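These notes open a run of structures that come right after.
In what comes next, chain A is part of two complexes: it sits with chain B in the first one and with chain C in the second one.
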Partner chain A sequence: MIPPIFGLFALLGALALNAVQAADLRIGMAADITSMDPHAVNITPNNNIGWHVFDALVHVDADARIVPGLAQSWRALDGTTWEFRLRRDVRFHDGSPFTAEDVLFSIERAEKLPNGQYASFVQRLTEKRAVDPYTVRVKTATPYAMVPYDLNSIFIVSKKAAATASPEDFNSGKAMVGTGPFRFTRFARGDRVELAKNPAYWGGAPAWDKVTFRIIPNDPARIAALLSGDVDAIEAIPTQDLARLRGDKRFGLAQKVSWRTLFFHTDQYRDPSPFVTDRAGKPLAKNPLRDANVRLAISKAINRQAIVERVMENAAVPASNLVSPPVFGHLASIKPEAYDPEGAKRLLARAGYAEGFAMTLHAPNNRYVNDDQIAQAVAQMLARVGIATKVETLPINVYLPRARNGDFSFSLLGWGSFSGDLALRALLAAPDAGKGYGAWNWSHYANAALDKLLDQGFATVDEKKREAIAREAAAIALKDQALVPLHHQIAIWAMKSGISYVARTDEYTFAHHMK
Partner chain B sequence: MNAPPAALPGLLPRFARDGVALAALALLALLIAAAVLAPWIAPQNPYDLAQLDLLDGRLPPGALAADGRSVLLGTDDQGRDILSAILYGMRTSLLAGTLSTLGALALGLLLGLGAAWFRGWTEAIIMRAADLQLSFPSILIALVLLALLGQGLDKIIIALIAVQWAYYARTARAAALAEREKDYISAARALGLKPLRIILAHLLPNCLPPMTVVATVQIAAAISLEATLSFLGLGLPITEPSLGLLIANGYAYLLSGKYWISFFPGLALLGLIVCINLVADRLRDLLDPRRMAG
Partner chain C sequence: MAVYLLQRLGQALLVLLVMSLLVFAGVYAIGDPMAIMIPPDASQADAARLAASLGLDQPLWRQYLVFLQQAAGGKLGVSFAFQVPAVTLILERLPATLELAIAATLLALLLGIPLGLLAGLRPKSFPGRAIMAGSILGFSLPTFWVGLLLIMLFSVQLGWLPASGRGATLELLGVPVSFLTLDGLQHLLMPALNLALFKLALVTRLVRAGTREALSLDYVRFARAKGLTEARVIGVHVLRNILIPVVTVVGLEFGSLVAFAVVTETIFAWPGMGKLLIDSINVLDRPVIVAYLCVTVLLFVTINLAVDLACAALDPRVRLGGAEQ
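Right, the complex of A and B next:
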């Protein structure tokens, strides 16, 4: 009788041990995940899942600098030809080997997928070919230094699994075969994504057997889920709860200055501007926002330190640049504009607006940390120097189309970039769809000197020279007050104590970097 | 020739026999007076951004603001004095509640009487429309309407009218159906009076008592619906918060102990709605002959 009982105990013991060893991680995410297809909808929450299941040739480290991914090295053979050497011992989750064929297929799929939002990252590649199974060569029509940066956005899928796959095949999991640290298990739209460990990951097996991303966009609900133990970690900590979490020994925080900069676009191309009037509400023939002195006055009227301390609970740093200090191309010599309401009034008077004027500030109300509070705070500061400011906040899915349509005069936008010159290209280069310049230049700021420097920089393969050019370009735009910088967010994660996370500048929440 | 309307004289003394209702009426009168007088008695105009100071944000009740005055009920995240914001917010709530109730009452009365008088197709169309409207949750209809119409107090009032008219239409029709068979209506018809005149001068006054009962109850419902919509961020701009939006703004601070941003506006809303409901209940008891209250 004894041996079977002993065996039973051993079995129970093994089960109990297993239960202890099976490490599960549940993470509360702040934004909805809309698609599993890594070449379909280019938004942060989708990419966040992409980075768990897939890899790219080029990765980004915690400081937003590019590092080797599936490519162990790359170099420019000449200004227009780039060669990527691939890792050799990598296997997909289904066991098949990773080769140059998968890279070429993924680039092509990103380019051709109907309504895919990643095509702009590969459109400049005029020629792609496999030199051998572990070497890929791509060419561009003109010298272009940003190829490795652009390929950071192209997730590598398995040619075998995704040859004819539609986004639906990725959502169902059929085509979700990657080389990343986790295998895909399940996607429940609007609720959760479940992943399982890839023990053979080339970058080292992650610490968790099972990871669940729960989608909890409501801030108090996400905090409550952490406090009650429903999840083990959450991203995007509401600033209101920072003090409380800092004082609670059951939880730990990880934080880092994010690459996301908040700033205002100002209508610099229309007379009159749709939402600018005199104080009585009559339209102004001339648009004051076209005057750089008026924009400087607005910048001086904003008390960035007060916003950082009072609205953001110190989870932000005042901004002078389009990119935050750790990011490539940040220009440290320009400091955040000091709060100077009297100076602002003098500048307004000199520009011919001694009586001030009135305008409407537009901002999203569900996109950036405390966006609607920031909008109100700026409005009260502008009101005090004579710019009577109304605030209209809109959900981001209504806000963005209207902003792109040129509906606003003074509008809030947040932007994260790998580098200062990429930010300038998107935000302030004269709009030119063919060149991919100025896609987000709601101000319609245009300066030929800036555009020329950008052209020059993107053709410069030497990173040091390119950074110098990027800083020169930033100086031109910032001295013109091309936009009104506000602050850089500080990204914050909270975890149960015992779990640690290397905070990232790019705000991604990576389960494989939690330990 | 009119039948005597329900006995209004002597209503107040009979009302006063219930102490709770009387206290509720007094408190309600006080709240309404405070809301109406808000621009004169509030320490601050909470809608004027130039009067707010971010550095006064989130002060606890009784603290001193930068300019030395004390903030009795604390401030919100923008430095808005909660007491002032409540007074102004009650104005918005009462205005939206009263105007939408009056609007819905007028519309519902018109349609209900029309349905009862003309019967046939008119009645079928009006009453099926009312059934259709009542088969959807009112919050859903209001949400859809506001998403289509956009922001503003006028839009909120339109949405509230749209979700409420059906209650009045049903009540009015029921009352009118009973009245139109009575002798004084037959007499009016025999005199050859035009339908419109009979409806407005004879039918309408006699249908009013049950309608007033429905209206007093519905005002409270309208106010809480307005608060719900504001809480969800629909309706009014964030720089002109009503009670619902004030509660929503403070909601994020509840876990961090800054209770006052949500608590006091919530208390004000609760007080307003409970008082209106108590008064409405008492009125219903008095005006409804079937209840036989004294």
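Right, the complex of A and C next:
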């Protein structure tokens, strides 16, 4: 049986001419791309393709800071009115000129598309109008500093091509007319997206004639695709393959501290908490996690450096903040809590838990890099200071609904954000559906001073002042040990040697930034 | 015959109804799809709006009634994750999975029958023993491991075959197929072989056992006594008899081949529907899960029917239910 099969392989192999030209780039993507419609499903893989075919008024640089995109400049005329001046020399892929009409249309489409997930970025805009073909003014009901940030999420489509387009018209390519560095060629769902160079791109023509994004979510398969030369570059390198790739001269790596921060939410609103007991397993009348000293003790008990080195293979950095160092609003003066088990025991004793207590740590097991191993490591470290910690890990589709339902006492979450104040708004502001505050505040941490600073910051148009306020707010939350920061992931790309990539904090994989 | 077919259809509808009810309740028990679906930066109001527009704010029984109503009209719902009709998603990927499963079945039959015959006719010979030893490996090695090994050997080390993905496709009667292009065949070979290994071992063993049994039966002795050539005895009389269990098993296994293709599809990044199901379960995309299982049930019912018809054709003693009354 063996010889004829080998013969067949050899024959096919001999015929397998590598038809790849010099300026073709094939990239292996780690997550499925579900839709081409830039206003439909708001997930990273879809936006990643969106950024190739479309532009937004405001772009984000490799450090996650906002920079001009299709808008050359913008300013707040007063607290509630913003003016965006558009680039004049921009044409869509079909040759038609880009004007303010397209901007207004795109904002409206994002707002009105049935089941569209981008409406939240434009709902605060009460009025939008074109002053002239190259100037757009928008108004908000109350002073709101985040308008440029929000508009970073709105891709500008061609009004001519997309006037009546459904998501299917984008998937088929009919409406896929943008101003971005690549023209759309083909979308094969679950398989690949093919793009071709836009030689007239306003930001400079990209280095590749043809780009293929292959969807390969399985880690070993993605690595094998790179090793065998099926693809030229891949994203999201599993930590266990890092050593091997680092030692292989045929490949190079690009890496950067990601905006994704891992931390623990702690139940701070219930007596007793569902998964906290004394060491014998009897319920505690009081919930120890409500005591900031206990939370500080937990923080001191965690050896972040060890987790970074052993569990993460150095593909992470210890965290002190909600956002990683390059991100807006990061507070550099607060350092990661040093590993101090003795200090942790002292704090527990002072809080009345000299005997320690017991709790269950909940974590997802298929969401973040090595999430289940991280949970195990932290549990062992907590056990050493007297907090007997059980670990329960769940698939993310079971974990998230339960976590949002308030089922857990001590739970792991990862978060990526443009800015410290946005992260605070979602994670630690007192839950308030009307203001959109605290949607992910599983801890139910509430501090009126923090909420007031956030209100003030979001109404402060001056970026410098706003960043100062964001840092002040972060200081309040961190001093209260509102959550237990763990580490910031490092995003890593691998590619054939000869190709370079400007690694990005926001983890996007951009073909036009590969050379 | 018509009554028989109607009966089968009725059974199929009942199965579909029960299955959809179970899946609905099952997915509901896992959790709220909204928690997975909403973008992190969405506020509570956005989440509520999205839930309402997808009908997820309704109680389960009402969601199910709405589903039944739409299903009666032939609509199985729109995927939460893709925002495309679920049936479209499945039909789009069905050809890839069927192509893989058919290629694997063909490999299993084309290699398994001759190997099984050889092992059955010469059980004591070295090739006979080697084939049986090999079939044990085919049974016991896990698919994902063999798949990774194949990739490491033929793609990474030797560089003969592409590591993953589906090759260039051509339209055949409106269906995109990849086995008509060289690129497509190269991409198809390894996943199909990977998927076929288990079936190959199964067919080999079935044919071997059948051959050994048939050789000792009277009709074979008579055929030989009649002076028929060995080729005719084996090729016509023995083979036809041992094919009945093979057809039954391969037919039934074809369904599981489609279902188990998910492992192979994942390892080889093959854009088939098994992968779609797993992805959909991961994001609790209920319309796709329900539609997928409906299609699978229909597939199984059709295969079972085809197997019954094929067995009736192969074996004159088999009568289809009720046909003689």
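Note that the second predicted complex is superposed on the first by the 493 of 515 C-alpha atoms of A that agree within 3 Å, B and C clash if a C-alpha of one lies under 4 Å from a C-alpha of the other, contacts with A are read in each partner's own complex, and residues count from 1 in each chain.
Here, contacts are C-beta pairs under 8 Å (C-beta built on N, C-alpha and C of every residue); 3 or more make two chains touch, one makes a residue touch a chain.
Values in this document were obtained by computation on a predicted structure and should not be read as measured data.
Three-chain overlay on chain A, with chain B and chain C fitting side by side and no clash.
Look at A:446: by the touch rule set out above, it reaches neither chain B nor chain C. Applying the stated contact rule after C-alpha superposition, one finds that A:468 touches neither chain B nor chain C.
In the superposed pair of complexes, A:311 makes contact with chain B only, with no contact to chain C.
Looking at the shared chain after the overlay, A:62 reaches neither chain B nor chain C. Contacts of A:35 after superposition: chain C is touched, whereas chain B is not reached.
Look at A:224: by the touch rule set out above, it reaches both chain B and chain C. In the superposition on chain A, A:43 makes contact with chain C only, not with chain B. Using the contact criterion defined above for the overlaid structures, shared-chain residue A:104 touches neither chain B nor chain C, since it reaches no partner.
After superposition on the shared chain, chain A has more residues touched by C, the comparison being chain B against chain C.
Using the contact criterion defined above for the overlaid structures, shared-chain residue A:380 touches chain B, although it does not reach chain C. Measuring only between alpha carbons, the smallest separation of chain B from chain C in this overlay is 5 Å. Applying the stated touch rule to the two superposed structures, the overlap between the chain B and chain C interfaces on chain A comprises residues 220, 224, 227. Within the complex formed with chain C, the residues of chain A that make contact are 1, 5, 8-10, 12-13, 15-16, 32, 34-35, 37, 40-43, 114-115, 117, 119-121, 123, 153, 167-168, 171, 188-192, 214-218, 220-221, 224-225, 227-230, 366, 395-398, 400-405, 415-416, 422, 426, 431, 433-434, 436-437, 439-440. For chain B in complex with chain A, the residues that touch the partner chain are 48-50, 52-55, 57-58, 77-79, 151, 233, 237-239, 251-258.
Note for the complex: chain A touches chain B at residues 219-220, 223-224, 227, 238, 240-241, 243-244, 303, 306-307, 310-311, 365, 372-373, 375-377, 379-381, 383-384, 388-393. Those residues of chain C that touch chain A in the complex are listed here as 30-32, 34-36, 38-50, 53-54, 81-84, 89, 92-93, 111, 115, 131, 134, 148, 151-152, 154-156, 158-166, 182, 185-186, 189, 193, 266-269, 271, 275-276, 279, 281-284.
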